[in-house]
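Below you'll find the structure I mean.
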Amino acid sequence: MLAALILLPLALVPVALLAPWYRLRSWLLPAAGAGHLLLVLLALGHVADAAPGAWIGLDPLSRLVLLVASPLYLGCALYAVDYLEMRRERGNRTMVPCLLLFLAALTLAAMSRHLGLLWLALETTTLASAPLIYFNRNRLSIEATWKYLLICSVGIALAMLGLLFVAYAALRGGAPVSLLLTDLLAAGPVLSRPWLHAGFVLLLIGFGTKMGLAPLHAWKPDAYGEAPGLVGALMAGGLTSLAFLAVLRVMQVMTAAGALGVARPILLGLGLFSLLLAALFMMRQGDFKRMLAYSSIEHMGLLAVGVGIGGLATFGALLHLVNNALAKGCLFLSAGNIHRAFASKRLSDVRGALVALPFSGALFLTAFLAVTGTPPFGIFISEFTILRGIFDAGRLWVGLTVLVLLATVFIGMGASVLAVSQGEPTDRDLAFADRFLLVAPPLAMLLAVLLLGVYIPEPLWQLLEQARLLVEGGA
Amino acid sequence: MAELSNLCLLLVILVNFFTLGSARLGACIHAVALQGAVLALLPLATHGLNGHTLLLAAGALALKGALIPWLLLRAIREVRIRREMEPLIGFVPTLVLGALATAGAFIFADRLPLIEAHQGGLFIPTSLATLFTGFLLLVSRRKALTQVVGYLVLENGIYIFGILLAEAMPLMVEAGVLLDLLVAVFVMGIVLDQINREFSTLDTEQLSALKD
Amino acid sequence: MELFARAALHLTLLLVFAPLLSGVIARTKALFAGRTGAPLLQPYFDLARLLRKESVFSRTTTWVFLAGPVAGVAVPVLAALLMPFGALPAPFAFTGDLLLFVYLFGVARFFTVAAALDTGSSFEGMGGAREVTFACLAEPTVLFCLIVLARIADSLSLSALLGPHLAAAWRTPAGLSLGLVVVCLLVVLLVENSRIPFDDPNTHLELTMVHEVMVLDHSGPPFALVLYGAALKLMVLGAPIVRLLLPVATGHWAGDALLFLAGMLLLAVLIGIVESVIARLRLVRIPQVLIGTTLLSGFALVLVLR
Amino acid sequence: MIWFVAGMLITVLSGVPGLLADRSGRGGERLACLLVLAGTASAGAGVLAVLASGTPALLAGPWAVPGGELALRLDPLAAVFLLPLCLVVGGGAVYGLGYWPQRAHSGNGRRFRFFYGLLAASMMLVLAADNSLLFLFAWEVMAVAAFFLVTTEQEKAEARRAGFIYLVSAHAGALALFALFALLARQTGTLHFPAAASLAGGGATLLFLLGLFGFGFKAGLMPLHIWLPIAHAAAPSHASALLSGIVLKTGIYGLLRLTSFFTEIPPWWGWSVLALGAVSGILGVALALAQHDLKRLLAYHSVENIGIIAMGIGLALLGRSYGSPALTLLGLAGALLHVINHGLFKSLLFFSAGAVVHATGSREIDHYGGLLRRQPWTAACFLGGAVAICGLPPFNGFVSEWLIYLAAFDTMRGSTLTLRLAVLAAPALALIGGLALACFVKVFGVAFLGEPRSAAAAAVDHDAAPSMRGPMLALLLACAWIGLLPGMLAPLLQEAAGVWAPLPRVTGLAAPLAPLPLVGAVGWVLLLYLAALGWWLHRRSRNAPRDVPTWGCGYAAPTPRMQYTASSFADFLVGQFRVGLWTERHGGRVTGLFPAPRAFSSHTPDAVLDRALLPGFRTLARSCSWLRARVQNGRVPTYLLYVAMTLLVLLVVAAR
């Protein structure tokens, strides 16, 4: 069953490479996405938690991430069909296989119970997404790809070293050397502290680079700015969640080792710094796709802060993971439409999207409200929960700082988004009109966020709670 | 056997300094190839001859010693660049920094408790020093190629540390390191190729159009 | 029943004797100027003449133009019912009526100025602007004075404020505040009734007028109402000052009434003297004087608050 | 309660069918209007039923979000805010039929009505919510809906600017409330609102400050009023009426709810609220006096009236701190009654202003003139509203200000000198009253009296449409009703005060409120006098000649342009407030014996927004982009340097 989850996309890769028909190739993506989602739902229902020795398996965290990533992927896949139709000149011979590979690696990473395997899968996602960023084949996109590749590779290499350190910590502690999560958790108390701490730092930097925590974020604006909207959506929604999952795995080990005293402050610091940087850099951001990248940095910061505080805040952070992924998906897809329509992503050229593209414009504006924590959308709930967690933990000043930074973010982001969506369109005769498949997926994501804002289904609730206990070690 | 491994490690450090100091790309790449070859010796030197170590050594030799350097050499032959022109940080400062980094590596390594078997070995400091050297190359050089070289050196540092755990760790992750290195450098090679096609140069100064 | 009797007495005193005051003022000024001056009853003659006349309306004006004079008369008549005349308590008294008293005159002002603006003449507009400005600056003074009195009387009803306790109060330390209050109220009286030194009721250069210029366009019965209203206002606003200065009671209503009238006439004479000996202030100085008065009344308040 | 909830649901859905209707049909708007009327009627009925029952109605249900709970509570305090809400919302819907017809605004009409319903319903929820999360939820929905109402005409740059500033202020305030309620939850352990007077006031300083900031932003207390003038000016008039009449009051409501939670109130709470109120009142009305844009002027008057309400609340708080029930009752009753009154007469004023703007197509007061002849109904309604807002009898404004005055006087009975100093609120109120009178005489006189000052004003040929006239008259009647029969509302105010503060239970009307009917009586007498005299004068001068020009003091050829303009009328008075207004004056200096034609213009920008905040933000943004250009410089080596630095720093941190 779980193997099928990974093999299904992989099996389609050769098809994609060999299939002669353009549209068929495009339609492979939704097929893979739908099948994947189906399998995921089945698996969530029927597959029990992983056995201790297993290399791949499910636990609440992986269930949560799969539950987020799979629908997101399906949405983007559907979007991709019409998008690729519109960009025939670019061709989809590289796009489709890479996206399929991306899905496979993503699933593997979500399900792997072995840190080495997780690491490998993450690296694969990096490599698979590089060609996606380069989709537009121009100087800027190649530059973005290069930066993304180099910085993430360095990061991931550091993560490798971190893994080795953790292994050595086990060795030094006299525990059986293994990167199996279960073994590490079991060996937690005896792990040698210096090695563990250093390893934690290296792993955090490795996965943090992928997550885009400041100051490891540098590749993000370029990559998100240059990649097509759907790639941006997949990365901001899926890849970051995955990287965050990896960080949570490390946190699990730290919890088992009783080293949260070291782990949490570091995570909190990175989170706050990301918030600060995002807040400052969103001011007067003249390019709305880069602005979205900073917004992604901001939300990664929130996640880090939540886990760095712990308790209720962790619960909020996990909920935020779900909301953020969906909202970001909608935001990036609609932004992609606007970018296509106006053939520019500079605020100076883009005006009146609401009039020019009623659906995409409205989606963009609404998604902005959603992503800045305005009810009735889910992010309002999760942000408020995180804040409650912070204040409950007695971290008054942290809480107030976060609030001030959120306000600043709102000002910066609001200025750009309103400038894009309101007013008289710069040019009325656009070569682009909203198509069903270009509008329906983001709309669906938005509705999902809306639903999460007014009602959290009981199973999801339990899943979040179990996941929290997993991270907090039942504390 | 420990002397042999320590000898190799000293050699590695020397190569580090050479790469930091030399202005000629070709020389750098050859030096890194040499370093890869030396690293191939290490597992044998530490854990003696067995299937696992042999495989590891072979892999290292093939990738780090032969394949990747060859790719890079081909690349510079194509774009006809010989020297690293005016690095962001001059050669002498880089060397000084490298020396400092190496010293720091030794100090930091002392704080990390080792198991008896590894007492007195130079593994930890060397691997850290190599890591830092790689970073220095990445940070201080302009040419995309040099940065790839830096990435290689960085990976070498990690590899050295990996050897410590060679028998303790399952084969797969080791393979992971090498495989990942291979793929990464391959993709980088492709990207370099594209960059070359777009800009007809590998100077990353050109690659700073995307900024705020 | 008794209430109606008192109300009737109040209104008769007011309606009958009010114009006399302006006559007295004019006569005093005349004497000071060494003229014989008009007979004391001249204001009555004027009113009668105006009522007999026919009025003329500018084609610009609307019903608001008539609302001014109407409010100008109706308000003092109503306010008189809240204000004790000398020792005669107000027919209509309850906690907080002093604020009603103040705000009723606001109504009158609102409609007078509106009527002025209704003519569309810039002169009237100018007059209105000055009127509201002075009123704004005088308003806090009135409140300060009322607070002082309320503090002394420990009550919020005009009848109690100006009750028999005042006689004793003069001899207490609060007497000083009472003195200041009298001065301030006198200033307010002069401002509100557009008297020298703040305004000249019978100047002949429109540019220097305040109140008169607002009623330039009125004629006939409406103008009669304007003049009559001014007289009533003078009497109603003068009443508290008289009461403060003569806080004595004869014990019989007729005696009290006569005493009150005597006081009012004295006050009119006083005003006449003031108008004769003081020159008119320059317009820009008036706000300064008023603000000064406010500070003075504030000082009086501080004295009683501690 | 069921009625109330039903009304809320109907209202929120009122705009939805319209979205599906065709762009130019009238069916959609009619249906929306009907639904709003039904919704508000049902909700109002529910509120009245609760009041009649005498016990607060509760409703609790599960809500599957962390800490969430569908807890509603209807008590007299909420009712005081809900009743005017129902009236104004319903009136506004009818008014919209004539003022914002779908035919004329096919582009934004449907969106407008959707958000109108949403705004109304969310406000009902805000006022009824009994759970912090639910409250915040409704609060933010309200803010967003209001934002879309403000930006109805988003093609205008002015509306966009106003919308943005409003949205930002609303969000900033809301974030403060996030903190407030999170801290409150920490103290009580639940997100459910604590019962009245159940928390110890100690250590609540931060809570109070956060509340003052968050709620003050919504209420528009100086200096947090920045969003208010532009937003009110930019929105369509019935939206402005809703904003100014009701939305602001939710801030007041929040402040009252918050303060009701605590047992003992530190004196400085009352003092700060009182001081803020006085500042808002005086500066607000002074700024209003200096404006020449009709709706902007009315908006500044909202600041002033919020200030008056805040003064009442401050006095009530002082009453609680110093343990004086009479003071508490008077202050709060005054504040609450003024909440109702301001909701009524400010909406009335915005409605009639809208009718004028609709007819002349301009918001400049100096472009009007002589409208009374052309729009008699509108003029009458505006006059009524003006008299009411100046706090003059016999209208409702006087009654509430009278109560606040009494509260101020009552402080003199206080035991300590400090409390007695609060009596200074009375002169402040008097000053506010005087200035307000000046301002509204100016507006009414310049806009409706005299000769038309522009071709547009001269060309006005239609009075407000019946659908607009109806709501205006209804509101006018409501104002007069409260002014003439204030006794009828006294029990409600007393109960509401009882909800807010632990007052000794009195059966029947408490002594401090007893004179209310007498105030009404005086109002009747005044009306009687005016009617009688007016009727006589009218009879007397029925057949007087009316075809002569105004006496120009000898000047033969007066033209409408020579009339006193709004700015010239206010100039003398505004000059007294030179410090604090900083009016900009351009040109007008006449020199030489035969001077050439000169132009003079004066403008008074907002002291806080235009002089402090915007420049500050510009500098901040500039420095941010400078920093970004340095950090995000596009060089891979630099970026990798960041990674290396992070590595070193974190290693050091972790090694400790």
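Order of writing sets the labels: A, B, C and D. Residues in every chain begin at 1.
Just so we're on the same page, contacts are C-beta pairs under 8 Å (C-beta built on N, C-alpha and C of every residue); 3 or more make two chains touch, one makes a residue touch a chain.
Treat the numbers as computed from the prediction; the structure is a model and nothing was measured.
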What is the minimum number of touch steps required to go from subunit C to subunit D?
-> 1
Counting C-beta pairs in contact for B-D and for A-D, the higher total belongs to A-D
Chain of greatest Cα-centre distance to subunit C | B
Whole-Å distance, subunit B centre to subunit D centre, using C-alpha means?
-> 69
Cα centre of subunit A to Cα centre of subunit C, whole Å, reads 78
Averaged over CA atoms, how far is the centre of subunit A from the centre of subunit D? Could you give it in whole Å?
-> 43
Quick one: subunit B and subunit C, Cα centre-to-centre, how many Å?
-> 100
Hunt down the residues of subunit C that sit against at least two other chains at once, touch-wise.
-> none
Specify, in ascending order, the residues of subunit B that touch 2 or more different other chains.
-> 111, 135, 138, 147, 204, 207-210, 212
By the touch definition above, subunit A meets two or more other chains at residues 146-147, 150, 154, 194, 198, 221-222, 281
Which chain pairs here would you call touching?
-> A-B, A-D, B-D, C-D
Enumerate the contact residues on subunit A facing subunit B in the complex.
-> 116, 119-120, 123, 127, 130, 134, 138-140, 142-147, 149-150, 153-154, 156-157, 160-161, 163-165, 167-168, 171-172, 177-179, 192, 194-195, 198, 221-222, 225-226, 281, 285, 290
Subunit B residues within the subunit D interface of the complex = 88, 108, 111, 135, 138-142, 147, 204-205, 207-212
Footprint of subunit D on subunit C - complex, ascending = 54-64, 66-67, 69-71, 73-75, 77-78, 81-82, 92, 94-97, 99-100, 102-104, 106-107, 109-110, 113-114, 116-126, 128-130, 132-133, 135-137, 139-140, 142-144, 147, 150-151, 154, 156, 206, 216-217, 220-222, 225, 287, 294, 298, 301, 305-306
Within their complex, state which residues of subunit B touch subunit A.
-> 111-115, 131, 135, 138, 144, 147, 151, 154-155, 157-158, 161-162, 164-165, 168-170, 172-173, 176-177, 180, 183-184, 187-188, 191, 194-195, 198-199, 204, 207-210, 212
Touch list for subunit D against partner subunit C, complex = 369-370, 372-373, 383, 386-387, 390-393, 398, 402, 405-406, 409, 412-413, 417, 420-421, 423, 426-431, 433-435, 437-438, 440-441, 444-446, 449-451, 514-515, 518-519, 522, 525-526, 529-530, 533-534, 537-538, 540-541, 544-553, 558, 560, 562-564, 568-573, 576
